[in-house]
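Both of the next two complexes hold chain A, though its partner changes from chain B to chain C.
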Partner chain A sequence: FAGLADVSISEDIPVEGEITIPVGSRSPDEDFSTLDEPVRDTIMRDLKAVGKKFVHVMYPKKSSALLRDWDLWGPLVLCVSLALMLQGGSADSKDDGGPQFAEVFVIIWFGAVVITLNSKLLGGTISFFQSLCVLGYCVLPLTVAMLVCRLVLLAGSGTISFIIRLIVVVAMFGWSTLASTAFLADSQPPNRKALVVYPIFLFYFVISWMILTFTPQ
Partner chain B sequence: TACLPMYLFAEFDDAANLLAANPDATTISIDEPAEIPKKQHGRLQEPGREEDDELLGTDDSDKTELLAGQKKSAPFWTFEYYQTFFDVDTYQVLDRIKGSVFPVPGKNFVRLYIRSNPDLYGPFWICATLVFTIAVSGNLSNFFIHLGKPTYHYVPEFRKVSIAATTIYAYAWLVPLALWGFLMWRNSKVMNIVSYSFLEIVCVYGYSLFIYIPTAILWIIPQKVVRWVLMVFSLCLSGSVLVMTFWPAVRDDNRRIALATVGTIVLLHALLSVGCLAYFFDAPELDFPAPFIPPHNVTTVATRNR
Partner chain C sequence: AGPGTMAAAGAASGGRTGGAAADWGGFEDNMQGGGSAVIDMENMDDTSGSSFEDMGEMHQRMKEEEEEEAEGEAGAAEEEDGEFLGMKGLRGQLGRQVADQMWQVGKRQASRAFSLYANIDILRPYFDVEPVQVRARLLESMIPVKMIHFPQKIAGELYGPLMLVFTLVAILLHGMKTSDTIIREGTLMGTAIGTCFGYWLGVSSFIYFLAYLCNTQITMVQMLSLLGYGLFGHCITLFVTYNIHFHSLFYICWLGVGGLSTLRMVAVLVSRTVGHTQRLVLCGTLAALHMLFLLYLHFAYHKVVEGILDTLEGPNMPPFQRVARDIPVVSNAVLNTTAKAIALTL
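Here is the complex of A and B:
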């Protein structure tokens, strides 16, 4: 370090200037602070994102919007509404009736977490919350099926209504499974795809069973 | 530095002796020649042990044998450690399921299919499927049995799912734990050629439960004879897988203890299937689906309804 001993900044060389970040690299989202915008804009932006994802689930194409900007608002809304609609079922004195609110909630969230862990343990490249997001959003067809079932049950609970409900639930179960497989299958190693898809199938089958066996008081 | 290998060799021997007193998971294949020293590989590998093996200058065949048993070398708090238990492809899982349904007489399931790559995928998801299959089939079967009765009101019986889950997961994990502990204890008294690690026992139990999935679906048929025939058949198949796996592990022991162990394994397995049949599936009241009920049975039918 001997050679550096005589290096020093002389006083007549000014050390000043401006350190600015070039404007081009700032992303457009950060142009303004979201604290100043009206609350309506904030809510509408999130609602639009959720709505766009609903549309993506109902018409599953190979788009990455569902995966890239994950959020868990949609799954929460779907899970709560499904659990609420499954209430009011038959519950006789032995309490052998349908699932309670907490049971539906736990099954959906715990099931989604287990399936996500399973796919990650098998070597999948999807992130934890992205997978939760996809599995939660793909409950949408089954929530629609539950709504239809409740409406059909208002009309009557005979054999014909059962057949209608069966057809609707089976169709929506197929739709949910295919939609979630379309989103999740690409991130799995190719020789383990079936190992990852099967638990998803089981998960939506259990939810469909809960919907189909719902009997009003 | 020339005496370094000798020093390490002596130290390794001491360590091996110390480990012998402390039972750990041991995996040995029956085919290997007996001169490979019995290595105790616990699930938590210290890095020092691997260095010892490498410095001893073991040749390639020994090294692959060591590495096969040392697969799980990541520390247990990392995600990669648990990924080693899911290192199976689709065709491997399907092969293992086939091996549990069609047991080849004389062939050991663990040796043939698991081969020191036990996985947790099969046991976990087979148990999950079995839980829901039993609950759904039981519900359907009760529905069909009580269908024509005027006082019957269908209930989904969702409570039974949690009971089924507790029973089956407890059986698939606690019984292997007890069996593994028992085998380790006997191993310390009688030197057995064959011994299994805890995960291999869990694997065998998990895959042996697969046959009950189609059995539970067929139990919807409301005929007592059919149900009992199905139960005996599936018990024979999965029981034989278990017996053929565990008989080599205990046959060098005292004759009575060996027979008692294998007998207990089969008995617990039978208890599980009988219990599931009795609890989840109501007994069919008539042995043939007769459209008429003799008048004096109507009151008994009405009082039996819940």
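Here is the complex of A and C:
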């Protein structure tokens, strides 16, 4: 403590007060407090967070909730359900016309990674996982479209059903693109928004195309 | 001999830490508070040159010193109280080991993340474009330059070519779906991505190699950029002809649009090469590959009548086989239905 010898305290500053600094946030008991709660509480908390983000996607306002606490649960659930629904088109081994589960999975995640890298290289201020989170959550309208398409295909597969499916898929594709650009475009320099929006447009276009051309065999 | 050397090392590091403590006196108080969140601003001025790494080093040194002291203590305690070995000695040691491990893991993760970030930064200058520039370059890629006596400028950017390759993948998917292409030993998406990226990267590398042999003044990034923008013609042609199935229209587009973009690439390369033989070799190869690729893309994913072959040949079909048939658009539907009717009766 050699350095303290130089410190001098003037007479009129009161040297009093609490010497214990409340550092309660680092005590080991607090870190383990979430382990003691019942499993249902943990799951409900995560589900509520995911549900809130779904609502934000369906009504895209300029809010930062999606960006602030990102999580990848929602994108995982959406991606898996979309891939499962798209898989039923090729039960026959001779006809490999439909996309496989792994294919859809890889397309969604690889595409999201490429778009994120692209937006970062163009000078974006958003972080890697935040961008993945937004792109994954904005697949929700297309998953809804896939559900609707499957229901419509149960009724029949004629020209009318194709027109209905086309309208639904195009509407949901537009919604997805708009929702994701509402969140992502703000983080770019203003004159480069078009450069970031185009790959997002291509990404959702490919997914919409896979949904539209899905035919159960 | 073990504890002796450790004690000596402890003393040495203690001496080192003592010396360092004279310089970093202000921090010592805070660090001994056990990671307190409150940092005295007064003391910060004394150590204004501090950085996060220095704090980390100091923390590490102090932890090592504590470890060595405590190891000496624990050793003594173990020799004295054999029964209480499990309680105090192990918990202390375990805690320290866990803390040490977490520090190592954290350091490793940070360095890995840093190297990943650094890799992205290598590519950053190639993506520094404006939308206006991209549009201008797209239009320029269809206009062959006339001045081949001065080396033409090639913009070394990768955003436009990358987006064009992805667009080509999307158009190819559309074409494969509408032509009901059936791929046995692969997937549609994999084939499309593999074809387009394989062409862009493979042919670029091959032409770059030829350019190196022919003494052309061009870098790899410029070659990638040139070929990438040359795919713009392919995108337009395929987009038009996958939707409107007239053979004569395709041939006109092939020669017109494909020819224009090939001529532009050839002109740029000619302007950068010296010597007639070299120019001929390089430009002939590029023109042939570029035009043949467009031909391949059209005919490989053309509207095929797969149903006939499927039903007639059955399971003896070799994998990944598609046969293109020159059937005019009008009678396609009729042929399909008759083929299915015949197959059903067989």
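As a working rule, the second predicted complex is superposed on the first by the 178 of 217 C-alpha atoms of A that agree within 3 Å, B and C clash if a C-alpha of one lies under 4 Å from a C-alpha of the other, contacts with A are read in each partner's own complex, and residues count from 1 in each chain.
Going forward, a residue touches a chain if its C-beta (ideal position, glycine included) is under 8 Å from a C-beta of that chain, and two chains touch if they have at least 3 such contacts.
Model, not experiment: these values are computed from the prediction.
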| item | value |
| --- | --- |
| Partner chain in contact with A:E103 - chain B first, chain C second, else both or neither | both |
| Partner chain in contact with A:F214 - chain B first, chain C second, else both or neither | first |
| Which superposed partner A:Y59 touches (first chain B, second chain C, both, neither) | neither |
| Partner chain in contact with A:A194 - chain B first, chain C second, else both or neither | both |
| Interface residues of chain A shared between complexes with chain B and chain C | 94-97, 99, 103, 118, 120-122, 191-192, 194-195, 198-199, 202, 205-206, 209, 213 |
| Partner chain C, residues of chain A touching it in the complex | 1-4, 21, 23, 25-26, 94-97, 99-100, 103, 107, 117-118, 120-122, 191-192, 194-195, 198-199, 202, 205-206, 209, 213 |
| In the complex, chain A residues that touch chain B | 89-92, 94-99, 103, 118, 120-123, 191-195, 198-199, 202, 205-206, 209-210, 213-215 |
| Complex contact set, residues of chain C against chain A | 21-22, 25-26, 28, 33-38, 46, 120, 123-124, 126-127, 129-131, 134, 159, 162-163, 166-167, 169-170, 173-174, 177, 180, 182-184, 187-190, 310, 315 |
| Partner chain A, residues of chain B touching it in the complex | 79, 82-83, 85-86, 88-91, 93, 121, 125, 128-129, 132, 136, 139, 153-160, 306 |
